[in-house]
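Report on the structure given below.
Chain lettering (A, B, C and D) follows the sequence in which the chains are written, and residue indices restart at 1 in each chain.
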Amino acid sequence: MSSIFQSLDDALSAIIDGCMVVVPREVSGVPMAATRALIKRGVKRLHLVALPTSSLQADLLIGAGCIETLETSAVSLGEFGPAPRFSAAILSGTIKMKDATCPALHTALQAAEKGVPFMPLRGLIGSDILKHRSDWKVIDSPFGNDDPIVLLPAIKPDVALIHAAMADRFGNVWIGRQRELATMAHASNKTIATVERIYDGNLLDDPVLAAGTLPGFYVDSVAVAERGAWPLGLPDYYSADADHLAEYAKMAATPEGFAQYLDKYVYDKRAA
Amino acid sequence: MSSIFQSLDDALSAIIDGCMVVVPREVSGVPMAATRALIKRGVKRLHLVALPTSSLQADLLIGAGCIETLETSAVSLGEFGPAPRFSAAILSGTIKMKDATCPALHTALQAAEKGVPFMPLRGLIGSDILKHRSDWKVIDSPFGNDDPIVLLPAIKPDVALIHAAMADRFGNVWIGRQRELATMAHASNKTIATVERIYDGNLLDDPVLAAGTLPGFYVDSVAVAERGAWPLGLPDYYSADADHLAEYAKMAATPEGFAQYLDKYVYDKRAA
Amino acid sequence: MCMTSAPPKVRDEELLADVISRLIGDVRHVAVGNASPIPATAALLARERNGNGRPYVSLLQSRKHNFFTDGARELFDCAGQGRIDVFFLSGGQIDGHGNINLVSIGDYDHPKVRFPGSFGSAHLYYVVPKVILFRTEHSRRTLVPQVDFISAPGANAGNVYRPGGPIALVTNRCLFSFAKGRFTLDSVHPGHTVEEVIEHTGFDFDMPGSLPATVPETALPSPATLKLLRETVAPQLAEVYPQFAAQVFGVKAFGDGEKALTV
Amino acid sequence: MCMTSAPPKVRDEELLADVISRLIGDVRHVAVGNASPIPATAALLARERNGNGRPYVSLLQSRKHNFFTDGARELFDCAGQGRIDVFFLSGGQIDGHGNINLVSIGDYDHPKVRFPGSFGSAHLYYVVPKVILFRTEHSRRTLVPQVDFISAPGANAGNVYRPGGPIALVTNRCLFSFAKGRFTLDSVHPGHTVEEVIEHTGFDFDMPGSLPATVPETALPSPATLKLLRETVAPQLAEVYPQFAAQVFGVKAFGDGEKALTV
């Protein structure tokens, strides 16, 4: 069996222009090294599904012109303020926004995980989110008192892109408590993982590690990317780099500052 | 905080006559010590949901007259043959059987886990299982080509009864890869766990153990029951006792033999 | 406890946390979303006041004060099960019907201002029995007659399944309670007035007896509460909100709270 | 490979496993349910024949040959995703329309015989592209004109979503293929005859050219296949089906295959 490990660029080759990519929320291990590699390569017209929210990752991809459609419940830099490129893109109408609410995205991916065309969810009725989502339907529940309930169509991404602590040579990836990464992989056609390091052995052989492992069966390629979530944190591993995020918030406030940020931190022009 | 650990009988006090109890399949850690205690106590009219199948546990409870309604996809002793008390009860009409198919039960419990009144599932159409389940509905999917799809109502058990390797004094229970135990707990009003042993520490403090842990938040009582799945196996711990299961299959083939089995192994008349 | 000396100076954050902790009441589980240091302080205060580890407090930003092991979905599933009793929401705009707007100002397709987004509000607002709205900026810009975009409505007509909804709105100026689709001014914080609240509120609200004079002043935290806040709650908070804890309570966190993987 | 000596004696189980392994074909993932030693043998044989670790083989009874980590649900979710290419089903009764009965004989409410139940058949039969029916007892008792209870139907009318279904039925006497709602007798195993198959089959089926004489004999496993089965597959099988492996292949398992928890 040839190794599942590839170079970062090779591992990302399935993410082609125009494809639908699902990524995890800002605290679940965001593949930031992979995100920078995609921007460097110049990927275009992505349909990004951020499950269920995003911070730096969506803002960077939007600012760099990689996103055509964004489907998420919120984009924010948290304590570092609003996400400036996201806000600018919405105000200027340069991306198509599909506003959602967090559990709606989880539910739509669970529908894909189960192979059903839709799943119901409570809430949403009377919200303007629903009003702007013609792809969501309301039916009267056939159980109970005919109360209305929303049905959400399954989201089946082309690629799930994740970052995690470790993977073994069988492609098994240890995801720990970030179980939404498993749902993302189950729902998606392909899964690409970056990891901090290689685990020497088979993660499924140890009952304790196996409990937190996404099986290699679902994983198409893996690349080692040390501190690959930087400047965001990786649960159970390292915290976010607050100084860097503050710097980003400041620089990305203007298009010029954002371009400088890309030059400095993405396009490897540090030495210039 | 008073200890969550109780005697086996005290821990089981929430399982009262007539209540709905969900139990796991024969290979996921079946609370057999608890099952024997319930029979000894003489619990009656249980609505047992076996997720999604059962072996010795359902057969014992049926033979001992504890079951009014059984909801499951199959009861069998596997390589030791049919489940004799189950078959006899169906032929004589002494229990109400709600036949299902495995993923239908998983789905119905997931519906309760999500707090929705129903969930859809592929398959089932054209099956006589559906014909005999007036509580299941068929709608034309509002997504796609109006194809018919089955909606299953949520199952919300009164009690989830599980057996696992270990629990800590905060009620956290290590369930490993048996993640259906978490869904059972989430779906049920109360959860009772028996465990092989007490873990000295907090299972949630270790990131690796936490990944396989059902939080104590969902757990109402815990009792230590060493080899509590015997004569069935406990994954990652011990295998089933094949000799005993063969003995059971032989004894339970007749009502008299079954009564002797209860005397010998359940009612503690071994010395007699 | 006998206190004859002058009461210690009460900070605004301490007053608000005390108000919120009293709203929480006797419940089993309080969950607090991201970037909510004052509600987090209130939830921890409610727990420490009881002294029995209850209510469960889930701070979603924290690893330690958060028992979830089933991924990002578990919070919402847990709420759907009816297992979250209290949650906190805010809004770029909040109107007199309890509608909240976390999306945008102006026309949705051509907005003038964009906020981050609705997060889980369009679900949690429906299924959590006690949702406490919290907004420190109390102005006609934030408290409006009608929100431009309803992220989640304050109430639903007909037979929509809705066991949850708003019970109160806490601002830097006052405490409103919410019932039957309207806010009532329950108390005004010390140093603020009813007239000021009316002036800075963009929506109509009720008053007890409909007379400004009958609106009580918000009670100050007791010395025992302040002691709990400063000595017991603040150190726990510092792990999750280090800047806030340092600024308000002068307390520093030990380490970064992240327990490293040792495999 | 040059084989001049007499071929080694072929056991029935080896022949059936070989037939099934050829039906599996070039796929990514084969799953095998409980109490199915011959299909498990066939799946492992298909994998060892390719020599590249593919297809993935999930033996649901095994910890080692089973990658699932998301609980008992994952098998069915995986199938729903279209990620299981081959599965095996059987039936207390199987009829000529490919309907299978795992529930009861007689009236459902007052049955004469009760079987264990439908297991996952009413889902897997619909979503797994290649379902291979397997029943070693080939008789008019098991292969009937019409099953008494349809656990899962062989086909669906209308626009029912159904990417999966039966492709073949393997018995101790022969191999039937299944297409367009009917079985066709593809081959008769060595030592059996077409007449015997007709005599013991309760349903109508097609024959190539409609003449008994044109039905070929099932090919014996090649010596290379037998070697793989006996030397490579059997030891792996012994972990999951110790009795079967000992009886058919004379192979013993090492330990009980259960890796103990060491926390």
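We take it that contacts are C-beta pairs under 8 Å (C-beta built on N, C-alpha and C of every residue); 3 or more make two chains touch, one makes a residue touch a chain.
As the structure is a computational prediction, the values presented were derived from the model and not from experiment.
> Which chain has its C-alpha centre farthest away from the C-alpha centre of subunit A?
Farthest from subunit A by mean C-alpha position: D.
> Give the chain pair, either B-D or A-D, that is connected by more C-beta contacts.
If we tally the C-beta pairs in contact for A-D and B-D, the bigger total goes to B-D.
> In angstrom, rounded to a whole number, how far apart do the mean CA points of subunit B and subunit C lie?
Chain centres of subunit B and subunit C, defined by C-alpha means, are spaced 40 Å apart.
> Rounded to the nearest whole Å, what is the centre-to-centre distance of subunit B and subunit D, using the mean of the C-alpha atoms as each centre?
29
> Round to the nearest whole Å and give the separation of the Cα centres of subunit A and subunit B.
Centre-to-centre distance between subunit A and subunit B: 36 Å.
> Of all residues in subunit C, which are in touch with two or more distinct other chains?
Residue numbers touching two or more other chains: 68-70, 76-77, 80, 127, 259, 261, 263.
> Quick check: what residues of subunit A touch more than one other chain, meaning two or more?
110, 114-116, 121-122, 149, 176-177, 182, 207-211, 235-236
> Please give all chain pairs that are in touch with each other.
Final set of chain pairs in contact is A-B, A-C, A-D, B-C, B-D.
> So in the complex, which bits of subunit C are touching subunit B?
Contacts found on subunit C: 29, 52-53, 56, 67-70, 76-83, 127, 259, 261-263.
> Can you check the complex and tell me which residues of subunit D touch subunit B?
34-35, 61, 63, 68-73, 76-77, 80, 102-104, 108, 110-112, 114-127, 149-153, 156-161, 243, 256-261, 263
> With touch defined as at the start, can you tell me which subunit B residues reach subunit C in the complex?
1, 112-116, 172, 182, 186-187, 204-208, 210-218
> Spell out the residues on subunit A that touch subunit C in their complex, using ranges where they run on.
Touching subunit C from subunit A are residues 24-25, 27-28, 51-53, 72-76, 78-79, 82-83, 86-87, 90-91, 93, 99-104, 106, 110, 121-130, 132, 145-149, 165-166, 174, 176-183, 199, 209, 233, 235-239.
> Quick check on the complex: what are the subunit A residues that touch subunit B?
107, 110, 114-122, 137, 139, 141-144, 149, 151, 153, 175-177, 207-212, 235-236
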